[in-house]
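Two complexes, one shared chain (chain A), two partners (chain B, chain C).
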Partner chain A sequence: MQDIFSSLFEMTAFGTISYQTVIMWLIAFVLLYLGIKKKYEPLLLVPIGFGVLVANFPGAEMGIVDASNIDLGDGRYKNLFEIAHEYGILNFLYYSLIKTGFLPPIIFMGVGALTDFGPMLRNLRLAFFGAAAQIGIFTVLIAAILLGFDLNEAASLGIIGGADGPTAIYTTIKLAPHLLGPIAIAAYSYMALVPVIIPLIAKMLISKKEFTINMREMDKKFPPKHKIKNLKTVKIIFPIALGTVVAIFVPSSVPLLGMLLFGNLIKEIGTSTSRLADAATGPIMNTATIFLGLTVGATMTSEVFLTSKTLGIIAGGFIAFALSVAGGILAVKGYNLFASKKINPLIGATGLSAVPMASRVANEMALKYNPANHILQYCMASNISGVIGSAVAAGVLISLV
Partner chain B sequence: MELLFLLLAKALDFGFTVAIVGFGIVLTALTLLFIVFSRLPKIINLKFKKKKGITEADKNVKEADAHIEGNVTAAVSLAMHLYFNELHDEESNILTIKQVRKAYSPWSSKIYSVTQNWPKN
Partner chain C sequence: MEQSLNNAFAILVVGMITVLLILGLVVVLGNLLIRITNKFWPQSENTGKAGSGSAGIHTGTLSAIVAAVEAVTGGKGKVTKVEKK
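Presenting the complex of A and B:
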């Protein structure tokens, strides 16, 4: 009788639940709550949250195992069939789709097909602030080394400041795959917190007078020298030309940028390739998002997540984010010192990626100070160049570190 | 190469180098982008001119049309939206059958009906 009960007990998971497991469940519940109820990036936080939950069911053994288990030595690895057989379906997905660096570029293709480079081409000047806002990445890289992270980890931590989910994940896969879970969570959480972070930093650095700089009036006073005619043609040439230019400079950013620009090209060509663009933005991107979210969530087993490094990543990620916003704002302020055609510093704040939320937030802030001051179009210019900037920065980090 | 490694022996030094070089590359890439695309319209326009041999009048029209500001587009689309909404004027939602008084018509006149002409017993 007792034997039956003890074997029944062993069949259930009661014996193996530890306090770490419970903590991970709570984290999963918080992520699910934020995604479902608070609607913070629900498309990502819900799969990630559920991935965390699934990975931490004791006995189910769905959590992603360390890469050392896959390594057979001599540069050889277990094949996918063996991985699926020994470690289950989520490990199969992780090692085939994430570890190979497959999904982030696929998502970038969808992002490209959803992006309109028009605002940036109309206000090319503003593209520089997309570069300035990458300062957070590099500052945190140095700070993280000082704090005792190794170079690869520090670079992955810094890339959170690029405010670009797929870029952060791609860089981390390449440089420090053991930190993938916490970094993805930090990146997406802070992107969801853009409506809080941007106003916080902006109010600290921008004066009331600067908030009310009206971009349209400035454009009227100082009309732009370069007017783009044949915008449609330029938009088609843009991805091809940009891809070529960047590929020569930073070849390692091509997997991300190349896919982004390919997505954009099939969108801009118009009706003749619209079916491809529809597939890239719809079915392919949605499928990719599901697998990315679930597997990234599943990397967060208690042994990996509940360490002091996670706390460092969450704090460091915030600093990277805040510094990127501040970098953009300060770059605009510096520019305004010398130029007669002033730029609203809020446009610098949108230089970090997080398209289009950062622009919407900045636009709302500008409207608060002057209800007639719509800066959305201008914000989108630096916002989109921020995407390019962070992808280039990721490429630089991957090849240099 | 060995010298480089010696110089960059410390992770922190290497970090600084990566940071400075990396940021420089990001800036350069975007500057290059700016240069290419601020020149690009001129190149494209040149080609188009050669092909078509646009007359002076055409050119004026094109220049005026080329740049439409966002707020103009917004105003036009709002106006069109209002206009198309107006086309279908507001009707009352109450549907009833009205009795229609028609003018006299011999087609339905009782005088010509069959029964009228039957002999009365």
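Presenting the complex of A and C:
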């Protein structure tokens, strides 16, 4: 009888629950709470949170195993059937969809099909501020090395400053896959905290007078030189031309940027490719998001996550994010010193790629200071250029690190 | 660490220049495309709007009709006049 009870006890997970397991469950519950109740990036935090939970059920064998387990040496790896058989379905999904770098570009295709380059094309000079806002990525790269991270890890940490989830995940897969879980969590958490971070930095750096710079008044005083007479045609040619140019200059950014521009192209062509655009933004993107979230969550086993490096990533990610916002704001302030057509510095704060939340937050801030000062379309210009900027920055990091 | 720091500084400089260069190209390319399309494929002011015979039709209704015709004809058809009977 005692043997039966002993076997029954061994069948359960009670004997293998450690305090680390409980901590990971709590982290999973917090992520699920933030996603479900607080609605912080629910489409990602819910699958990630649940992925963390299932990965830390002792005995379930759903956590992602280290790559050394599937490495057979001499550049050979276990096949997907062996991985599924030995380590379970989440490892199968991780090594086939994430480790290969497949899902982030697929999500970028959907993002492209949801993106409208119109605001950027109408305000092209604002695209430069999407470049200034990438400074956080490269500054934190240096700071992370000083904190003891190696170059690959530091680059993956810095890319959080781009405020782009798929870009952060793609770069980390390429450079420091063992940090994928904490970096993805930090990236998406800070993106969800854009409504807190942008006002915090903006209030520190922007004066009341600058908050009230009215972009429409400026446009009336200094009208643009060229009016776009055929926006539809420009929007169709633009992704093709830009993709070609970027592919020549930064080929390593093409998996992300190429898919973004392809997604945008099938949207802009209109009715003849609308079915493709619908697929990219609907079933494909949703499926990719589920698998991405669950598998990224499943990388966060207690052995991987509960380390001092995770704390460094959480702190470093915030600094990267804040520096990127500050970089964009300071670039606009610098520009305003010399230009007669002033720009509201809030537009620089949206040079991150958190589209469209960053723009919405900046617009709301501008409206607080002047209820007639709608800057959303101007913010979208630098916001969209920020998507391009962070993908290019990721390409540079992947090439040079 | 010194070697890593040197590399990181180099990446900072090269990275920021590359991002600026690419977004500079976005600006140049965008302006170029706008000029070319303005010169060779300008859309008349009336495109997307029906002709003068459409007076009296609510603009929202008119836009819906124009969009529907564009969707059904794959962008080839144009609404020139909408009349109430």
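A few comments on the model shown:
Methods note: the second predicted complex is superposed on the first by the 401 of 401 C-alpha atoms of A that agree within 3 Å, B and C clash if a C-alpha of one lies under 4 Å from a C-alpha of the other, contacts with A are read in each partner's own complex, and residues count from 1 in each chain.
Rule of thumb we're sticking to: a residue touches a chain if its C-beta (ideal position, glycine included) is under 8 Å from a C-beta of that chain, and two chains touch if they have at least 3 such contacts.
All values reported here derive from a predicted model rather than from experimental measurement.
When the two complexes are overlaid on chain A, chain B and chain C occupy overlapping space and clash. In the superposition on chain A, A:197 makes contact with neither chain B nor chain C. Once chain A of one complex is fitted onto chain A of the other, the partner contacts of A:135 extend to both chain B and chain C.
When the two structures are aligned on the shared chain, A:230 is found in touch with chain B and with chain C. In the superposition on chain A, A:377 makes contact with chain B only, not with chain C. Contact with neither chain B nor chain C is seen for A:259 once the two complexes are overlaid on the shared chain. Of the two partner chains placed by superposition, chain B and chain C are both touched by A:400. Of the two partner chains, chain C is the only one touched by A:270; chain B is not. Once both structures are placed on chain A, chain A residues 121, 124-125, 127-128, 130-131, 134-135, 137-139, 141-142, 145-146, 150-151, 154-155, 226-230, 233-234, 237-238, 241-242, 245-246, 249-250, 385, 388-389, 392-393, 396-397, 400-401 are touched by chain B and, in the other complex, by chain C.
Listing the residues of chain C that touch chain A in their complex gives 1, 4-5, 7-12, 14-16, 18-27, 29-31, 33-35, 37-38, 41-43, 70-71, 74-75. Residues 11-12, 14-16, 18-23, 25-34, 36-38, 40-41, 44-45, 48, 62-63, 66-67, 69-71 of chain B are the ones touching chain A in the complex. On chain A, the positions that touch chain C within their shared complex are 120-121, 124-125, 127-128, 130-131, 134-135, 137-139, 141-142, 145-146, 150-151, 154-155, 226-230, 232-234, 237-238, 241-242, 245-246, 249-250, 270-272, 385, 388-389, 392-393, 396-397, 400-401. Those residues of chain A lying in contact with chain B across their complex are 121, 124-125, 127-128, 130-131, 134-135, 137-139, 141-142, 145-146, 150-151, 154-155, 216, 226-230, 233-234, 237-238, 241-242, 245-246, 249-250, 374, 377, 385, 388-389, 392-393, 396-397, 400-401.
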